[in-house]
Amino acid sequence: MFNVYQNSYAIVIVFLLLGILLPIVALTAGKLLRPNRPSIAKQTTYESGIEPFHEANIRFHARYYVFALLFVIFDVETVFLYPWAVAYEELGLFALVEMLIFVVMLLIGLLYAWKKKVLKWL
Amino acid sequence: MEMLLSLPWGLMLPEFIIVGAAVLLSLLDLFDIGKRKLGLLAILAVLSSLVALIFLYNDPASDILYGTFVLDGFSKAFKSILLVGAALVLMLALSDYEKKMIEDRSEYFYLFLTALLGAMIMTSSNDLITLFVGLELLSLSSYILVGIRKTCTASNEAAMKYVINGGIATAITLFGMSYLYGLTGTTNATEMMAVLQGQTRGDVELLLSIAFLLTFVGLVFKLAAAPFHMWAPDVYEGAPTPVTAFLGTVSKLAGFVIMLRIFLLIFSGTPAGTTTVMDKMQIYIAVLAVASMVIGNVVALKQTNVKRMLAYSGIAHAGYLLVPFATLSVFTLDSMWFYMLAYLLMSIGAFAVLYAISRSGDDSVHAFSGLYRRSPLLAIAMTIFILSLAGIPGTAGFIGKVHIFLSALAGDASYYVLPAILMATTVISFAYYFRILQLMFFRASEEEVSAIPLNLKIVITVCAVFTIVCGILPAIGYDIFYENFPFMRDFFYIGQN
Amino acid sequence: MVQQLLETSPDWTTFFIFFGLATMLLLMVLGFVTYGILAERKVMGFMQGRIGPNQVGGRFGLLQTVADVLKLLIKEDTIPKAADKPLFILGPVIAFAPAFLVLAVIPFTDAFRFADIGVGLLYYIAVSGITTVGIVTGAWASNNKYSLLGGMRAAAQMISYEIPLVMSVIGIVLLTGSMNLLDIVYAQERVWYIFLQPVAFLVFFIAAVAELNRTPFDLPEAESELVSGYHTEYSGFRWAFFMLAEYVYFFAMTSLITVLFLGGWLPVPFLAFIPGAVWFALKFAVVMFILIWFRVTFPRLRADHLMEFGWKVLLPVALANIFVTALLKELFF
Amino acid sequence: MNDIPVAGYLVLAIILFCIGLYGALTKRNAVIVLICIELMMNAANLNLVAFSKLGLFPSLNGQVFSLFTITVAAAEAAVGLAILIALYRNRQTVNVDEMNTLKR
Amino acid sequence: MNAMLILFVFSPLLGLASLLVTKRTMLVGILGTLFPLVCALVIYQSYLLGTPFSSFSFHTNWFRFGNFEEETLFQVAFELGVNGFSFMMMFLTAVLALSAAFAGRNITKGARGFYALLFVLEIGMLGVFAAENLLLFFFFFELTLPAMFLLVGKWGRFGSEQASYSYLIYNGIGSAILLVVFVILFGKTGTTNYEGIMQALQSGQTIGHVSEELKMGLFIALFIAFGIKLPIFPLHRWMVRVHVQAPPAVVMLHAGVLLKIGAYGLVRFGLGLFPEQFDRLAFWIAIIGVVNVLYGALLALIQTNLRKVLAYSSISHMGIVLIGLAAMNEAGIKGAVFQVVSHGLIAALLFFLLGILEERFDTSDLAKLGGLAKSMPLFGGFLLAGGMASLGLPGMSGFISEFLAFLGLFQTMPIVAAIGALGIIVTAAYVLRAVLSITFGEGPNGRDLCVLEIVPAAALLVLIIAIGVVPELLGGPIGSVLQMVGR
């Protein structure tokens, strides 16, 4: 069983290696094949044909950030939901109620965000 | 289902009330209920939680949720203090003084409740996980509370500093806890104690010392004891006054409570050579106590901002409170309990007076100039708090200090240096405490004090009256402690007995 | 075969065998992508009443995609002056690698599968999230307003739909009691989860489409407003890798849906004589067809609708599904 | 792969912890500081998990603890970043050493 | 009779309460301080009728530290009681408080606050002498600290805030040391009761071990603590400042009573609890006393301001107390105790007169004053009488105390005593110089004393002379002190 465990992760490593190797190989191969004649016009940042103005690395609207926060909250929630779901059979109703309370708390958070117009994407 | 109902949920009733209130408040807030009503509800919740706790006073110590949460004499005693303090701070926050400053006042109330919940869980937690969660609940809520003035740079900065310092502290504590877990294989304090009492290996002792120091350092951040106090003055100054009052009292005391529990429970019984780990580590606590007392009091001398001054004074008081802890004796727990009570009353009182007079947002000491002329009663109340902070007889602060003294002096002569420094620094503290008296009584008045709202009046009166009452008839306070939380019985819950 | 390999003690030999197998899979996937794109174009053409590719490689344009790839390979690769070069180069790699990485846990058939990980489902979800980082990296490194906006949108959308996606499969985990994808497939011997968990399927399907950045959720590359979204500045093979990542994900997601809801390679009753691989291919094809169908049918959503739909509809529904499932399981199983 | 002693994990954790602490104390950029704090927490997590498998008294508690830690760390990072953003809006800086409006 | 003492100690509360309702602060001030005096007289009367002082003591449980099986352990009782010495001090306090209330009549701004603090101060002073246990002693002792701080700072002269800070810090240190000593005693014996501690220390039956070194340390600490209050030579700066800056009414109480708390404490705690240690250090204490006498006298000689003259004279006179105590025999201790009371009265009288002087001429500079015997004959007479009392003219209280103190010391350390006696000569010189330069020569004219000023001055003078002529008035009650000390 332990072998399976270790081999499985060896496979993951293999996949990772391949996933990185493919772009490297392909791009290196491409480099040999493709022409390379850079010019200033080509290397200008594309801005629908007009000269680029301002810095592009502008500040994002806070709503992106708020969504990121919400994501963190609910994603972490799953940290608890998954083990609970796996072990649900042994835990039974007690765990169901506990998890219900937990999730309701988070839902209140969602409701709160909703009501406070945080979920609005303008 | 049997299991669900068979657990003695009543033990957690005070916590449930707070949780319920926090949830209810955040929901109500969505429907434009008046903010004042929210505040009143919050106070009501805290008070009913206190009442629930008082009804639990006579219950024997017991645990719930597999020993992670206990309700013993210790937790009852300190939880009561936290709740009293919380009620006072909430009352203080009820007025609209800083309306322009705190735009999200309603959020203040439920964040406050969650922070309080964290503190309450900390007092009752008998398990590192519960403890950690409680600690973080308190910390995270306080971070936001400090930064609640979203548009105010000072508030933002204070919050950021608090997050960074607090985060580092949490991480250090956690690292220490991970060692504790590793050495015992359990996170439950009671089991941990049992495991550690049996151990005799030398290398374990070393790791235990490291664990102790790391955990200690992390928790000391919370107490704002020197040299881990850097954040306190800035945070106190930047935060709105009701938040500062919370941080300076409830939050700080919660740190002490948890330190007491885990260190007394885990380390004081662990053999290390001929003594216990706790004994060996006392020197570090003593050093910290000395550093806090000296730094707190000396640096406070040159502060011109009252909040910063109170912050440094709070650092010094943390040092005072560490003294009985460093010189463990039969008086340690009751002296700390009483001093906390006294500290709570006088600090919140002082913050309330400050809040009442500095509504323009000016926290400079000169806000106190000529207060006696402008509002004699306020000046007298402030005098009471100042005298109590300085430890002048007739106030609760004095009795507390004498008790701490007794705790330190009743023991071995090698500890005498601690109370000596305590006393010396107290004298230094006179200089800045009395400067406020000087300003209030000797200086000319600047501006009129407009009418003080009822809630502040209540807070100030309650604090002043009890500071005096506990100073003149301390038996009232002590009786509560000795009769309801008998030290010899049930004070620390140690498993089913 | 794989099972035996897995059970040997790990050494370099098995490692290289796996390497070989994985390369095979890679080639297979590349092949799939080549013809998947063609299929998509053909189906789209069919649905829109036109013919689709029909010039290169015969009547069915069988070599169309191959030609496209070759074109991209010899196309000049431009990196804008303003770009952050290392990150610009890194972006496509970060986007692509996890796409391939997730394939490691998907059991295609009883025999043709790779890693057997207890937390397979979690692994899939966790690793697939990394692609967002690649997209944002590329977008940010381009130093182009369209790119950045596209990248941010991609990130916002992907994280928003990740939540319902993750939540919806909890129902399945609940029923199976395991996160191992093999176990999940075996648990569907009697009845497919699509029948037990129809709500979860719907939520998962919608969220999956959004995760794939496909129409109607292709806001990050909405060409009418953002030129080309996060890969505006990319050209040549670098651009191809973003596309490749997208289609590998397409492959992976389709497989996952097949595994999770349609019983993987398990046959329909009485038709067990048909091998598992065929079943899998069949189901896979159906899912893929539906996905393409989806793309052709629906118009692109508005950005705010898209976000709000995820948070206000899918998430509560997914949560409700979890608890209904748990309750039903408590009562009836 | 099985024969990595617990000391290996502990040393790694200590190294991570120290890197985090060093970064948290010395870096100017508040985001990096927050990340360093995360690093410290994760070092503790590593300890917990290592101990839960290879400690003196192996038990599952450590893993449970680390789950809680992860959650809390996420919340802390979220709060920290939220405050940082508020600060950035008012001060246009994320550098810790420029946060000096409060008196020293 | 039990309640009598408690009534006495807290009687100023009545005045404090009435301040809240009436605007006639001056009247309340006088009546409010008169009331304690009446109480004192009543007690004294019943003493003369044969009731021993011990029957006035009052005991009740107060609170306790720690929860122990044994009921009495670490119990702090609220216990008041007097002996002859402390009662005389309380009597003195009551008298001086009344005179101070008279002297305070020229306070114009914030009179209500002034009298309120005066009452608080009086409670503190009375309580210090009546306290039967350490904690209660400290309680009252510290009560005087903020009261004095405010009194000096608010109603004092130009530099009064510095003076009040000086007062605060010095006395803060003093009381800090005192508290350490007290709590160590408490911790070692489990009781705060004075008798209890004395017994425990003598019998050696303490909870924790009390070594000889510790005892010596405690005694030295006590000596320093009370030495600051007294004040002894290097620790006297604050006292001069307060004397110079504070309003006369306050200085009356300060010089008259508060300094005496130092002496009282030395007798009660130093001598009472640690007689052996006191004996061992007697020589050095005598030296310090002599230094005090000479230093105070010499500096008084060169001062140009009456306030400073009086301030240094107080230092000098407190030296005599030390000399008397250091003798460790009946005459010496009796002399010291006499000196405590008598200097209280004399200093109060002189500062009362000084207050009048400042009110009339707004100065106390010797150079600017003169010839007052002509324009203010009554004033001149009182001043002269006070001066004479101060330099120890026979027939006045000062003579007896100085005589006894030196007599005592001559028996044990003749050489030291001889050097100290030089101080008496210098005293005569500076007192005459100061008094004569005010009463004779040229200077401004002023209104002579009015009735309200004559009454307290005369009363003080009468007491000074009465003690001088009939020393038994004082000697009778304080006989018990000598018993207490065991000599």
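Going in written order, the chains are labelled A, B, C, D and E, and every chain counts its residues from 1.
Quick note on the criterion: a contact is a pair of C-beta atoms (placed from the backbone, for glycine too) under 8 Å apart; a residue touches a chain by one contact, two chains touch by 3 or more.
What you are looking at is a predicted structure, and each value in this text was computed from that prediction instead of being measured.
The fewest steps needed to get from subunit C to subunit E, moving only between touching chains, is 3.
Shared contact partners of subunit B and subunit E: not a single chain qualifies. Taking the mean of each chain's C-alpha atoms, the chain whose centre lies closest to the overall C-alpha mean is B.
The leading chain pair by number of C-beta pairs in contact is A-C.
The chain with its C-alpha centre at the largest distance from the centre of subunit E is C. Seen from the C-alpha centroid of subunit B, the farthest chain centroid is that of C. Inter-chain spacing, taken between the CA centroids of subunit A and subunit C, is 14 Å. Averaged C-alpha coordinates put the centre of subunit A at 81 Å from the centre of subunit E.
Distance between subunit D and subunit E, defined via averaged C-alpha coordinates, is recorded as 64 Å. Centroid to centroid, with C-alpha atoms defining each point, subunit C and subunit D lie 33 Å apart. For subunit D, the set of residues that touch two or more other chains comprises 1, 75, 82. Residue positions 6, 75, 93 of subunit A each touch two or more of the other chains. None of the residues of subunit E touches two or more other chains. Taken pair by pair, the chains that touch are A-B, A-C, A-D, B-D, B-E.
By the touch rule above, subunit A contacts subunit B in their complex via residues 93-94, 97, 105, 108, 111-112, 115-116.
Within the complex formed with subunit B, the subunit D residues making contact are 13, 17, 20-21, 24-25, 30, 33-34, 37, 40-41, 43-45, 47-48, 50-52, 55-59, 61-62, 64-65, 68-69, 72, 75-76, 79-80, 82-84, 86-87, 90-91, 96, 99, 101-103. Chain contact summary for the complex, subunit B toward subunit A: residues 1, 3-4, 23, 26-27, 30. The touching residues of subunit E, counted against subunit B in their complex, run 61-67, 74, 113, 135, 138-143, 145-146, 149-150, 153-154, 161, 164-165, 168-169, 172-173, 176-177, 179-180, 183-184, 186-188, 207-208, 214.
Against subunit D, in their complex, subunit B makes its touches with residues 128-129, 132-133, 136, 139-140, 143-144, 147, 150-154, 156-161, 163-164, 167-168, 170-172, 174-175, 177-179, 181-187, 195, 204, 233-234, 237-238, 305, 308.
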